[in-house]
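See below for the structure under consideration.
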């Protein structure tokens, strides 16, 4: 059993804590945060299933004033941890890194940090071996994590030469009041960072793309035009996707009409918070464009990076040297693929 | 133990089934439906925690074709049930009533049906005694149910002479594709039906109001201008609301910025589907207008009617003759008030 | 002919310039701004119907670099002006005031500035005489301007004792990317500033209210519960509103279903930018609550303050001492009431 | 001068009437409609700039009852017309065709009709010569019209082998209450009809694509991955687009952040209703994907088909046999390209 501390109990941190708690070979030391948020208030109302550590003395007294039990200071928790999952706001992780070094604790940062915060830019499925024994990993962002799952899956099947992607990015999470768009699409300069990041993880593939922000909250939608090295039919692509435990194939005729249907389905499944770890690919969108293959992906932005982050723990702590076995163990503990 | 069948496994039906399953004095016979929906597919993926009955032979073969286990036909289930919670689409309940009569089963209809489908127009908190022993009850709609909770609470405290309400109605549920508004508010003719319905349940109060549909999915927002019979201060109103186990008082400073914060909080709480049974009243919105009291309410439209519907079972089957005790038992089983 | 300079060529400034240009007794000196915006680019593409002055040397060179003809510096324009309409961003007007004083020019500020920027808090219909000869006026905000039109109209008819208002505030204008909400309503602390401001303009009326931001762009929606001094019927209220040239009565049956219908109608009318100066009141929403009168108003946020601001020019420069005649002249020049 | 009648005075019909009225070689007989809509009410308030004909006796009496002047019955207008622009709801045009035949009047249908309603599926820029002398033309839909402009432009520059398109489709127009999505993206089966239609107009190109509906009203956004026959650089593509009078190149740095900026700009330009005839292509989105060229287009759905429809009049009535000259004349009359 390795000891894991989650630092930052926001949208991603909450889900990381839940995901680690489900692993049969990991012990969740607790979570650390600096301010009284709705998530922390909910933790209290649930009866503190996880120990809460305060980022500093100020946070400690704020928590206590709000009636929220504190297990101690983050620095105390660091002494019990083998690895930190840092899910703080973008930029804060880089600062925290010094602290982690001081306590000799490894860390995995999320996609909001700059790449140079880490030794390795990591994706559990695509480059597991790069993370083996590393002190500091950085995960790909939510869009990139989901995108790479699909592209890496095809790449292993037929080889991929290049991809041209279009991302319709959900602009805010449910409950966000600090960002939002109203009746507007917003265009980003091309190529988007997800294409650039994909090339870092899968350097043999040439990638570019256009991103537009859309005023919705329940998941990104990505179209991929992939040029294969070896010809691949629609049926073979379906076969490949179907074999991947972090990908679901869905169909319009079954009621999966768009991103909101998928969120509804996850809620109906009883998944905590209506979360889904899997990306979904619509069978109905898979078409050939000459030799190219085109398809549409749903990315559940709040939870999609959880499995690959947990893979990262296995890699960094050398819990498992074989990537496929590591991923399979994460999947098993999270129930991924069990529904097939 | 009384035997309860839920007919119609949509947004409301799913939540009724979950709510009944939590009661210590009720047995859920199962759920019945006529078509393969996402909710039914999720039921299958969850391993059929509830028996599924087919509304008819056609439905039965559709379910089987989709690989969904069927326990039998709805008519068989009716023979095992003491009461049906009918959560079918508006209008269908009236047709089903003949079937329920044929099998001598009582039924509770949801707010979408016309009032004359039932012997009694029912609200657990406000007119429990009217439902005692009745064969057919109809629940108030989601907006009306939440609104009456608050108004009835005040009415018991200081007497209410009249209310003027403004409803900002969420136009669709998360996952709805059959209805929606884009960048538009839609005005309804006044008075809205919720005001009229309130007067049916609480005939001593004069009510009117204006309703506008807004393009959001996470809850209605209602403002009430209530004219009290006996003067009431803001503090007394807070005291009254605080004592009600189906009402939460929330504050902007705690992070509850609007309807989306409340949905987020319920998700963070781990409530199935991010549901909340309680209405929320913002302390920050409670103001006096001369002698009148004004305040703002959040209504979680998907789940708010569940407690009052379960109260209805207790009333219709004479399981408890005292309204306050019946409501308290429903609350206890649903965990309402436990967080205080 | 009085000489008017518009400072700040954003959403409001553009419309002020157009409105002043339509007056038969006013000369538009031009418009001043500090940065190359889309509005300024459009001015150029239209062939510079208005002279553009640069707020400073930096702005001048920015304009020239973008190929936009500049007539000179703002300080030069101030020497030709009798009065400035300051439509800069909130807070900037207070800084500009020193400049206006230096050049002995009067000024009218918009609702975003603090009240103490001006000698008088002004509304053309409600307190015209307060503005006579004043050096510095501040207009009420868009919501308050529209709200006061309706309340002042009733107040002159039957006397108003108090109002309780609910504002559904559009969260952004069409084209805004710097603010927005996605699938969320946001609650403000009560009472909202519009109620407080109303009491400043109409001190004999007690006002309070609740405001909720909604993710739409085409107009605010306000409900008013007004307690009259002298009883007033629905028909009498309709009569009073119908007599007001800055108020339109609309009906659901005529196709006016909500804020978006009104914007569409103004576009179909060929109004520049689809602007409407009038507020709209739905006949279908006017109801009695005991002796109180309740009704729903549409506020076209981008253009509603234009008429009252132009009234302010007449008052500040003593162009007309009688409020009713001043307002009538503004109306005539803007075509208000012509459609009746 | 040829005589043109517009049948159907909705979103498209209003704009067709305005566009025809601006042509120096066309006479607008008037517009015909069957019901009192907001557009018709606005026509009245504007003082009937166009004669209104009633589709039938019922419509005539409805108009008269609403106080709207009627010039006569549609059948009378047909006797004065050389050609009809049919902008009725989808499916109605096919019925109207019999009437047009009866009166020996040519007609151009909009994209909502089935292809077999017409002799020719028409796009002014791409296949003008096909429309010469034809009795019945059908225009491409709004998305397809804009898409083909860009693809045809490139095709003439370097030859295009295939295109893979992603359409983010605005789900409703401003003012629509009969359709809409709230916080949801909706996926269509691939390939979308726009790709199929493109191949009908430009049969030498292989096209496919994925369409997702988004909850916005101000324009579609399309990404195109185009495989050229002859290599083309980003700079050459910009050069080609820049030379096209129905295409605008826009830049993020100039303030064109997305679809809403473009609508705002058109409003600021003083274009009636804030309409734009041009499509916009963001320079910032043009990237190379290997040999392929990728770029992002804005389609102003309400007005984009007007120029190509007017081209169709010139073709069907043999007013001009040379496509380039016909298009240039339409452009000149609509002011297209004048801003360069």
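For reference, chains read A, B, C and D in written order, and residue numbers begin at 1 within each chain.
Assume a contact is a pair of C-beta atoms (placed from the backbone, for glycine too) under 8 Å apart; a residue touches a chain by one contact, two chains touch by 3 or more.
Since we're looking at a predicted model, the values are computed, not measured.
Novice: Upon optimal superposition of chain B on chain D over Cα atoms, what rotation angle is obtained, reported to the nearest 5 degrees?
Specialist: Resulting rotation angle: about 180 degrees.
Novice: When B-C is set beside A-C, which has more C-beta pairs in contact?
Specialist: By number of C-beta pairs in contact, B-C is the larger.
Novice: With centres defined as the mean C-alpha position, give me the chain A-chain C separation in Å.
Specialist: So the centroids are 47 Å from each other.
Novice: For chain B and chain C, let me know how many angstrom lie between their CA-based centres, rounded off.
Specialist: Computed value for the inter-centroid distance: 42 Å.
Novice: Mind pulling the chain C residues that touch 2 or more other chains?
Specialist: Residue numbers touching two or more other chains: 174-177, 182-184, 186, 215-218, 257-258, 260.
Novice: Which residues of chain D touch chain B once you look at their complex with the stated criterion?
Specialist: 171-172, 174-177, 180-184, 186, 215-217
Novice: Residues of chain A touching chain B in their complex?
Specialist: 14, 36-39, 41-43, 45-46, 174-177, 182-183, 218, 254-258, 260-261, 263-265, 267-270, 272-274, 339
Novice: Applying the document's contact rule, which stretches of chain C touch chain B when the two form their complex?
Specialist: Those in contact with chain B are residues 161-164, 166, 168, 183-187, 189-191, 206, 208-210, 212-219, 221, 223, 225, 227, 252, 257-260, 282, 284-290, 292, 294-296.
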